[in-house]
Structure formats: C-alpha cells, structure tokens
Amino acid sequence: MSRAPQVSTLPQSAALRSFAAQWHARDVDALQPVREEAMQRFLKLGLPTMRDETWRYTDLRSLAARSFVDAPRSIRDSTPPDAALALLGNSERAATLHMVNGHPTLPVAGEAIDGVEIRPLREVARLDPGALLRFLQPLSDADQQRWGLLNTALFVDGLYLKITGRLAAPLVILHVASGDGADNIAYPRVIIEAAPGSSATIIEHHVAHGEHTPLVDSHTQLALRQGAQLEHYRVYATGASATHVDSLTIHQDRDSRCKQFTIVLGGGLVRTALEAHLDQPGASLDSNSLLVGHAERHVDCVNIVTHGAAETRSNQTARAIAGDSSRVIINSKVIVNAGAVHAHSQQSCRGLLLSPTAEIDTRPQLEIHADEVKCAHGATTGRLDPDMLFYMLSRGLDRETAQSLLVYAFLADVLTGMSVVPARAAIENALIAQLPDSQTLRKFR
Amino acid sequence: MSSKSEEVVALLSQKYRHGFVTDIESDSLPPGLDEGVVTAISRKKNEPPFLLDWRLKAFRHWQTMREPTWAHVHYKPIDYQDISYYSAPRAPANAPKSLDEVDPKLLATYAKLGIPLHERARLAGVAVDAVFDSVSVATTFKEKLGKAGVIFCSFSDAVRDHPALIERYLGSVVPPGDNYFAALNSAVFSDGSFVYVPPGVRCPMELSTYFRINAAKTGQFERTLIIAAEGATVSYLEGCTAPMRDENQLHAAVVELVALDDARIKYSTVQNWYPGDENGLGGIYNFVTKRGECRGRNSKISWTQVETGSAITWKYPSCVLRGENSIGEFYSVAVANNYQQADTGTKMIHIGRNTKSTIVSKGISAGHAENTYRGLVKILPSAAGARNFTQCDSLLMGPLCAAHTFPYMEVKNPTATVEHEASTSKIGEDQLFYCLQRGISAEDAVNMIVSGFCKVVFKELPMEFAVEAQNLLSVSLEGAVG
Amino acid sequence: MLKITDLRARVAGRDILKGVNLEVNAGEVHAIMGPNGSGKSTLAQVLAGREDYEITGGSVTFEGRDLLALRAEERARAGLFLGFQYPVEIPGVNNVYLLKAALNAKRKAAGESEVDAYEFLALIKQKMKFMHMSESFLTRGVNEGFSGGEKKRNEVLQMLVLEPKLAILDETDSGLDIDALKVVSNGVNSLRDPQRAVVLVTHYQRLLDYIEPDRVHVLSGGRILKSGDKSLAKELERRGYDWVAGAEVA
C-alpha cells in the first residue's frame, strides 16, 4: 500500500477524488518520493481551469464531475488494432511498438533493433530507478504541465527508448486507447533519449480501438544529447468522442536538432502541449503543428519554447483549419532567457476558418529577456485569399476545386517539411478525408 | 556589450524634469476608504442623488472584487486604506470662476510644466482643462467653444450643468463593475473632464487636459467622458505629470468615449507621470481604463499614446466597434527605462459588419525595465467582413531589460481577416555605427534611430505634441544603452 | 464577339467605369490605352467576372450571350481569358496542376474527355519551349517567386494552352525585356486567327509594333474618350493624354 499524500485540503471534485483513489490503490515502486510529490502538487493545484493562462479557451469542467478508473491493461477481445490504422507499411519502418492504454505489449525484446535500446519503464524503475528519476524531475507547477504531474504520479508502465546509433527507418509507437465501458483513464508515458551523435525518426501514433475510448493523459519526454538529431511525430487519430490531453517535453543539449510534428486529425477534445528547452548553445528546434478542426472537435495546441542558452534557434509553424462547429486554439510562445544572446526565433501561426460556426483563437507570444536577439512572429486568421480564388476561377476551375486546392496549399508548409515520405502520404490521406471536397482534392496530390 | 553601447550608457543622467512639489494648502480627506468616504466625496461636490447611488453601488461591487494579477507587472500590495481619496487645492471661497481667480502658485506650477494656460503660450489655440490632484482648476477658451456649441468643462461642472448627459452616458462604455480599478474609480472619482460635441460640429480647436498629482499620499481618480454626436469631430489630448516622491502613488482613471453615427474622436495621450528613480524607488502606479465605443455607423475612434512615465503602467485603450463600417485605431509608443514596468496594449472588439481596426505598437525597453504589449482582437460572429491589422515591434536597449508580446486573436467569423506581425530586436549596431561614422554623437544617433522606430506613431499626434513627445522620449531614455 | 454597352461599375464605393462602349469582332486586335487609374484593369476584371466590382449599369454580350450573367469560371470556359496585370502568387499550388485542371475544366464544359496526361505534358513542354521558359517552372507554385517578366510569360503560356476565343491581356508587356517582349508578342500573334480576338491593355506603343492592332482606344476617367486606328497610338506617344482630355473638353 502506498502512503496517502499529505494534502492539506480534501480534493473537491469527483475527478480529483478518483485520482486520489487511484493513487491509494497503486503499487509502490522505487519512484515513490517523486510520484508522491507530483500527486501532492496535482491535488493542491487541481484540474486546470479557464483562469489558467494556457487553459483560457478550454473548459474541463465536464471532466471534473466524472470519477475515473484505470483503463484495462490489455485489449479484452485481443483483436489486434486495425492494420488500416498503420501509417507506414512493414518495409517502411524499423519496427512498431504497441502500447495499450500506456502498457507496452511485451515482450519488446523481440523487437530488438540495431541502434536503439527499448525497455519497459516498469523494468527500468526496478533495475535502475536512478536513471529514471533523472527524467521525472524537476516537477513543474506550470499550468501546461498539470496533467504531466498526474501522469508522473500515476503511470504504471511505459516505454524507455535510448537511441544510440543512426536509425535509417522510422520507429513507430502505436498507442491504442481502448476502454471497457467504465470511465477509464490511461497514462501513457514515453521517454526517449537520443545519445550524442545519434539520429532517428520516431512516430507516435494515437488511435482508439473498440466502442469505448478512455480519457488519455499521455506524456512524452525527449532528451537530445550533444549533436543528436531527432524527428518526432505525434499524430492523433482517435474518434470523435475521445478526450486526449498530451504533453511533450523536450530538452536539447549542444548542437542538437529536433524536428517535431504535431498533427491533429481526430479526437473530440484534443489538448497538445509542447514544452521545449533549448538548454545548450547551438540547439535548434523546428516545431510544426497541423490542426484540423472538424465536426465538433476542440483542439487546443500549446507550444512553449524556451531559449536557455546562446546561439539557439527555434522555428514554430502552426496551421489550423476549422470547419463545421469546431474550435482550434494555437498558443505559441517563445521565451528567451537572460543571457541567451543571439537567440533566433521565428513563429508563424495561420488559421483558416471554413464555417460561420467555427472559431480560431491564436496567441503568438514573445517573452524576451535578452537584447542580442532576433525574434519575430506573424499570425493571420481569415478565409481563403479572394485574389487567389479569382485567379483560379478565371482559368476555368470550378469553385470547389479551387477552394480545395487552396486549402491544401495552406497546409503545404507543414506537410512538405516531413521527411518520412510514406508517413506524409498517409497523413495527407487522413487529412484530406476531413476537408471539404475531399474527392476533388485527392486528384491533385 | 560593445564599447559603443557603453559609451551610450555613459551619456545618460538627466533627471525627471517635472519633479517639483507645489506648496499649496489643500483640502484633503484623511486616508481611508469606506462608504462614508464615498458619501463625503459626493457631498463635497454637491452631487445629485443618482450619482451618489451610482458611486455606492460601484463601491459595494469593488469590495467583492479581487485585484487583477494577470498583467506582467510586479509591485508590493497596495494598501487602499492608506490613500487619501480626495485632495483639492484650498481656494479662498469656492472654485475659481476664471483664470484670474486661480491661485497664482498653481499657475506658476503649470508654467513650470510648460502647460499653456494662457493664450500666449506655445500651444496657443488649444483649450486646456487642468486637473490638479483631484480637482479641475481651470478651463480655458470656454467661450469660443461655447459658440460652436461644444461643451468642454470639468466633470464636476458637467454634473451640475448637464446632469442629463452625465446620467445617460456615464458608465455606458465602462460599466462601474468592469474591472477592479474601474470600480474603484467609479466609487471615488473626484473630477475630470467632460466634452460634448453636438451633431455635425467639428470642434474648432484641439481640446486638452493636463493632469498633475501634487499632494503626498493621494491617489488621483479622474474620469473623462467624451461624446461626439452624429457627424461630430473632436481631437483631445491629455498630458500627465507628478512630483518626485519616494512612495508610490496610485492613479486609477477611467476614460469613456462615445462616437455616434459618422462621428470621429481622436484621443491622444502623452503620459509622463513620475517613473520613480534609477533604483525603482517611488513613482506612479498608472492603472487606467480607457475605452471608446463606436456606437454609430461609419464612426471612428483613434487612440494615440506616448507612455514614458509611471513606475507601473496598466492600460489598454480599447474600441468597441459596434456600428457598421466603424473604425478603431491604436497607436502606441511605450518606453520603459530603469525599473519601470509597462503592461499596455489595446482591445479591439468587432461587433458590426465591415468594421476595421489597426494597431501599431512600439515598445522600447531599457535598463531593468519590463515592457509588455498585450492586445486582444476579437471578431464576433456578427462582424462579417471585419479586418484587423496589428504591427507590434519591440526594441531592446541593454541586456537586463525585457520585452514581451502577448496578443490574443479570437475570430468567430469566416469572412474576417486578422493579421498580426511582431518583431523584437536590439537597436541595430550597424545603424548606430553608420551614424557614428558620419560624425553623429552616440546620443544623437540613438535618438535618431529610436525616433525613426516610433515615427509611425508620432505622426498620429497633433503636430504641437509630436515635438514634445519626441523630446520626452529622449529624456526618458537617458541612461539607456545604445 | 464582344459588345460592351454603357458599362458602369463601382469599387469600394467609388464609381470607376462611367459608361464604357466597345465592340470587338472576331479576328480583331484592339488596344486600350489610358492614364494610370483610368479604369483599364477594372474593365478587364469586370469582364472576367470579379465579384467585388459592383456593376451599376450597362450590358455586355459575348458571342451573343449575356456575359454578366455568367460566373467567372463559366466565362473562362466559354473562352474568355484574362492575362492579369499583377498575377497573384499561389504558394503550394503547383503550376502544372493548375494548368491541367484549367484545361480539363474547359474540355469538360465543351463535352470533351479529359486530356491524357502524356499528351498534356508533351503539349505543355512544346508551349514552354515556344515561350522560352525553363521546365523547372512546371513544378513550382503558381507564380511563386517568379520575377515580374516570368509571371507575364506564364500568363501567356496559360493562354496558349487554353486557346481562348477572346484574350484580354492587361499590361502583359510591362516589365518585359526586349527579348521577352518579342517572345510574348510571338505568343499572342500565334493565337491570332479569324475566329479569335485580342484586347491589349498597354501603356507602350512599342508593343503595338509587334502586335499590330486594328483599333486603338483611349480610356480615361472611366470612359472611352477616343478611338482610332494604330496611328492614334503613335500620336498619343507624341502628345500625351492631356491632348485627348483637352480634345474632349473642346
């Protein structure tokens, strides 16, 4: 039995009480002190509300009233997730690692690949807790990390990947969320460490299986050591009823390069947070977000990049499309710490509204504490450019085609940056399916 | 830091020019705030009952509110019971009827400030209402304005002479409970300026108010209300100064503008409250709510501000664009040096069809200062064809200052276009070098570059004030890094 | 082929076209000249069907049909082509896709089958060669990063592929070097035949040395103030527009 956390006030909401209950029911492991602190902080801070800066546009009150229980550790009917969900064919990837509600389907040993060490987090916690604790700390009270705290307190298992070599083909982590009908919650946790000089492409693909989808509170950490190169994707393709709160933390050492893609194609309420720290000189990050609002979907994308050292570079590109009654939020922030001279940052946030009942909220922010910097951002929200539309019409294209082409072109900035061609094709396919006039669009790819 | 930069640093040491105290007897309420104080203020001013009620309601609401913490500013908690909410220069009998009756010491103060109460002054042709601590002391050019039908008087006079207008428009743009500081102001405001421009009238001269906080331990809570009726046009300028004192003083003003069909209001501010000393001691807390409503179609409200003073500025002159085709503009230069903190920007709320807004913000940070732009552009579903363009640039002078840009763009109409551009950079070393190489002193070079940076905003100011603003800018940046 | 009668149009609340009359017959080439801001581009865009121009009066027929009743894309498919004064850049939309889509849209409207991909590519390459354009332009975004002259060449390329009945070329000669001017003129001349007509909007007599017009018109203040044969262009070059405006007053 684990000790009860010393929390001064009793948790108020049903959700908090259920998290506390999960805490009490779990097995104690070697990570206990850190987990306990995380739990205490989470209970003290509570669920984020719209008064918290990065939650201004997302209302979680409906979650607060629910009582959550652990999602099942495996899929009961043992049907493997639909192969059609795969972004890449067998020959196009190094391996696919399956996680069901955050639990790696073992044995992963069979998946041994050159240049990468793959271990379940549970095993690392048992054999080498010190190594793991380094990743779990320091804990943060920042509101974009709120769900990450809960994940740290309650994740049971997960994946630890250490990239040691140069991987030629991408590695896929297929996250399957599958509930048993109760108010389930899952805490997928992934820690990826890219050793000095290594390089890899990793695709985290979130899908749902079966009728019931748990609330997913996922947390991924990337640590890039000196000179490492990592291209990381997170793709959300769950169903319209799914609620997903994901947080990604990136730490980059000297001269490392990270290319990150956040792609929201599914889900009902999807919150994606990215917190990147360019800790050492020469670190460079390109973060790209492609957010598609469809039907009633609510997408809240938070992107915070901190330049903590001199000569660091970041580039944030976000493209949002909102159709039907969807709402898409782009929250993009660059912080340049004192002393981070010659930091260079560029943000571009663009939104396209396709329906009178949709909404796009954009906040491109700069917080600059050093003077030798060059930081700029541009943001626009609007409709398709009427001049471009007229040009195409005047060439005889019908309106539908012209519009589809322009919508597609709008996304091109992000899509063309993807180096995994088959993944890009698969993502494009899934994306186009959600756009108006998808039939016409397909013809033009 | 380069040696060039250091050179520039060495050039700085001019002091706040408006930091003298005028020795005048004043009639003040003791520090403290309760319903009794609110009532006393209303009584002192012989206000009609509706206004006392209005104040008391605001006060009760204020008591339920919490001081906002979201702004990017840091200060020690304000003790609202340690402030005097009313301080008036003690006049022999009643308030002065004309300039001749105004205490000569007061006039001398304004002369020192360079404020042209008399027609001989540099700003001849500008009608001035001067607010000293809490009370409006003189309004010039009443007659000429009167002929045009323009009402320009102190708020107290307006309450006495035009109670119907006050009752109709007061709080109609900034409701008493709008925010913490607006609620406080609504409860205790003591005076301010009132302007009414009747239909079809183009106000024959620039109107202007100078605010000055003189007494120690006083807060200034003035209230300005400007109404431009159908087809009317008015340009209004306010300037502010305060003496140097070690303790912080609170200034929580409210400005409301109402533009009816086809009306135009241009509101310019040159804010130079005492910013505190080089170590951040003293200075004014400038927590101001300014909002204009384009109530009528084709109306236009334009805010221009040059903010160089105050220890802390918390101010978002805004436009509610309700009328079809109405236009909102915000042009701002905000300078923060030493330990000044500025969190300023605007809100453009697009409600009507084809409404347009433009935001141009230039922030300059130097020393240990923090300068934040915070702006909201909101396009409601009803605002078909709305457009906004925002340009927001920050200039950093020195390694210890900070500049932040926090825009919010909320778009709920697919036919709207909202564009935002921002940049943050250091003053260009190569520009500086170029000037030095041409034999221009570092100080002049910095001034040239900075005023070039601010030019688009200065050109929005009435001519006479553009020069003053430019001077103010160079004074404020003395001691800053190049 | 094209008959414009007392056409009036306004933009952003301002009257720009104030009663334009013009008739263009098959086989003819017309040149429209006139001072900056006189409404030449407005006329061209109105004919092409731009929506934000409000037609406040008059009528236009194109091969006997009411042109103003057609939408922009229908006009294009009916054989009206506008070469833009300022061709817009459309990053992300491939130049060759656009051309193919345009050609197919036109063929479909005419009841023809879609063009075979191989034939299309062959056709395009031939036309590009004719226009002295490098094939690398095919894969770039529409006009994206093209120089001023390259954009104009691309407009003519599109015209050659689409083979319109009526081509309205709005300052297609502006920004071209001498060699390019010849290439573009060749392109236009190659399209000249008794079935087609061309309207050139230009500021320079130079172009008319290469493409000889049947008629020259001066558009000023939203009206056609003067029409004549090609000698009018020469006279204008010598005497300036004030001369025309003066003649009007007198």
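Observations, loosely collected:
Which chain is which? They are A, B and C, in the order written, and residues in each are numbered from 1.
In this section, contacts are C-beta pairs under 8 Å (C-beta built on N, C-alpha and C of every residue); 3 or more make two chains touch, one makes a residue touch a chain.
Predicted, not measured: the structure shown is a model, and the values here were computed from it.
Both chain A and chain C are touched by no common chain.
By C-beta pair count, the most extensively touching chains are A-B. The greatest centre-to-centre distance from chain B, using averaged C-alpha positions, is reached by C.
If each chain is reduced to the centroid of its CA atoms, chain A and chain C end up 50 Å from each other.
Taking the mean of the C-alpha atoms as each chain's centre, chain A and chain B sit 43 Å apart. As a whole-number value, the distance joining the C-alpha centres of chain B and chain C reads 54 Å.
Chain contacts: chain A has no residue touching two or more partner chains.
Looking at chain C, one finds that none of its residues touch two or more other chains. Contacts with at least two other chains are made by no residue of chain B. Remark: chain B residues 70, 381, 394, 396-426, 481 touch chain A in the complex.
Of all residues in chain A, only 385-388, 390-399, 401-402, 405-406, 408-413, 444 touch chain C in the complex they form. By the touch criterion stated above, chain C contacts chain A in their complex at residues 48-52, 71-73, 75-77, 81-82, 84, 87-88, 90-94, 97-98, 101-102, 105-106, 109, 141-142, 158, 162.
Interface of chain A with chain B (complex): residues 53, 338-339, 341, 351, 353-383.
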